[in-house]
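As structure tokens, the structure follows; a few thoughts come after it.
Going by the order they are written in, the chains are A, B, C and D; count residues from 1 in each one.
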């Protein structure tokens, strides 16, 4: 079955979300949002989803702090973070490039990352652009660190990193990424060339499975309709809905 | 003009409330509540009133904590507290008599006193029964202390004590009450006989002014109607309304 | 999840549970309390948010309570809570006396998933002296000495209350009784009785949604018409003063309370 | 108090004020922001609760901002906030970068009248490193070492936002945008623009009252039809994507922004 690169990413993320009780999705996250909704559709009612800034896909009604309270209450099993820069220790930078505060490149800011990255058990880092610009040896500004010393309260943290080239899992004890699979059409050499940090890999690295046809059908049908609520442009462009 | 003892107390408390921006009244406080409403009626729109557990005399809609938040925000100028026991340092006891916790006499509990007594600038202690049972040398349990060491954050505290026999003001520096006036029909000797704590007084002690006729009219008219919302029995018994 | 009856709801409250209950005007689950007594609950830790009355007194009278954490137990205009007072004098319950804002702040700490919240007040009181779990620290934000009390988070096992309206998705409308929202956010399990169950979606109604507890915080709901009686339910019914006075009078003695309980409306009929 | 127009409202915001503003979907007072720019405000300390977009960018572009305290400034789907980015690069504003829950907790500390609230997270971030006002202490409730961040209270001089409905008594209905309630509780002065002013009493309406800010927290209200446009106002109007895109495009350069501002709807017509 033919598929788009976005559909591969959605299905890859969906496999990482299996078994999650409740998944929260931040702003500007159509691919993670689609994966969360697909997970819910496959979960037989076991998985709930909150998509921020959507009219129908969230039930927040206690102000801008409620999502963070929910995370702190342990009610959120998975969340997505990204970064203008992500480094090999899973530190993320949402603030900018250069010497803070008067930086050469300034992004929006850290949003909820400096809390959610600590408290949500399964944080999935997602950044489609996989280059030495985004995957760096050391971030210029730590919006939220990938690991913390043992005395720091941290039930959550990075679980995996999904990019346009491949899938990595994060080893908290070693504080290093391990390459799990390479997306179809790409190679280890390409990933090594485009990654600014060192990472672990072993032997023959699997190819990321292509989207399961039944999941693709779900995605292009009911999920496309749901994701059009917060992301109408994305739904129109990818799913022609 | 003829008046009831309750009306004397209401008018005495009203004089203590003049100029207050916002007055809050706790549960089971019909006399302080009437005084607060009379103060509002006389204030030309400058004084607001919140009467807890009333349908129309409060605007609390953020849960059981809102009143305390308001006090902590500095939005409440005056509040009333009472005590099963009140002592000469203005310590109040709302918990019980005897050795805590298995006491011989147990009252309801401290309610909000252990916060409001610290934060509301003008706390008026009101206890109609003035005997050696209620006005004691030292309370058996300090629900909230009358004074605090200088390093303790305490913008509020006791301002006056109104009983069935007289009016006292509290001197925070000396941590002692001073007898301000004796209610009509009572005497210094009666007060001394019935007070378990030492207090200051000087020279000829004034008689508490009798209720001003215009205020009595207000009280028996519009205020009686207002106070009937939270305290229908009281309004019926005192104001025949 | 909509349960069939109150006994199913009571069955979800294990012996020894820490149960948060609301004050007398905010939706007290009296009918569910009868069911809890009928199932012979024992060893409960009751946390009043921040005070209680008839409900706590009933549970204490029935021997269901081991720990009473509150800022006040009172029957209001009807006077003393007789079973509470008797249990205190007999040393039959452990007291965790506090002050209203401390209980609310403790609950809010659990809502926010933090180990404590600070509060002004309490210093120099015998409340503080009897609460070794309350800590006094020097405010690190201040220049000079500035002692301040830290209150540990109160995370209830169960939040139990009564509300006017729920829907079949599990959303519960609470009106102005906002402390019920905090209770549901903070508690591990939230059990609710309601007057009515609507077919609609309360979260989709722009007027109801802001005062609705989303279903994700609600564990189970049971229908109980008049479930707060004889206490008031704001906007639905007033308190029944005669019934409250009868309770207050009965609760003065163990025998009176036992007789009152035997005469109380049966669980099946609730 | 109901004001005659937005210039009266803007006149109540002094230069140098610390102003709390809501996120882009919660009722942003864009029309009032035009009035504030028209009165040539200077030296403002903007506190986003917890993020901002077009509103902060406009004020920064107009040279009104000295300090920007937020967890993010973004035009969302329209991309970067051009004037914000330019001001950062030029060092023209002082940044107090933070994370969403820290800003909300700071505001809640002011609401509760306490000097700080604790929060999990932040430790090891460069946010914390750049915020000497945030303190790390050892959790006194823990048995072992347990560092935790304390956030100082954020008390705004002014809370400024837009809401669907007010009444003549000064009550303001906010729907689900509950952060506006916290802002009004925490701020010294609360200024609100509204779509409509009703003759009734919102606090007496059982459906509206739970989501109404009582008049005692509201300093002044001005009517501004479409006062959040081109941003959305939940339940009233959607965002105007074309107008937002036009703004985003214009704000890429100082000249573009100046031209956009000159073309913006006049204050008198707002």
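We take it that contacts are C-beta pairs under 8 Å (C-beta built on N, C-alpha and C of every residue); 3 or more make two chains touch, one makes a residue touch a chain.
In this text, all values refer to a predicted model and were calculated from it rather than measured experimentally.
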Least step count from chain C to chain D, where 1 means the two chains touch: 1
Label of the chain whose CA centroid is most distant from the centroid of chain D: B
Inter-centroid spacing, chain D versus chain B (mean Cα positions, whole Å): 40
Geometric centre distance via CA averages, chain B-chain A, whole Å: 59
Distance from the mean Cα position of chain D to that of chain A, given in whole angstrom: 29
Shared interface positions of chain B, touching two or more other chains: 60-62, 65, 72, 119
Of all residues in chain D, the ones touching two or more other chains: 105, 112-114, 119-120, 146, 148, 176, 178, 181, 209-210
Touching pairs among all chains present in the structure: A-C, A-D, B-C, B-D, C-D
Contact set on chain C toward chain B in their complex: 22-23, 25-26, 49-51, 70-74, 76-77, 80-81, 84-85, 88-91, 94-95, 97-102, 104-105, 108, 119-128, 130, 144-148, 176-179, 181-182
In the complex with chain C, residue positions of chain D that touch it: 105, 112-120, 135, 137, 139-142, 146, 148, 150, 152, 174-176, 178, 206-211, 235
Chain A residues within the chain C interface of the complex: 22, 48, 59-62, 65, 69, 71-75, 119
Interface residues, chain A side, partner chain D - complex: 27-28, 53, 60-66, 68, 72, 94-96, 100-104, 106-119, 141-145, 148-149, 151-153, 233
Touching residues on chain D, where the partner in the complex is chain B: 110-114, 171, 181, 185-186, 203, 209-210, 212, 214-216
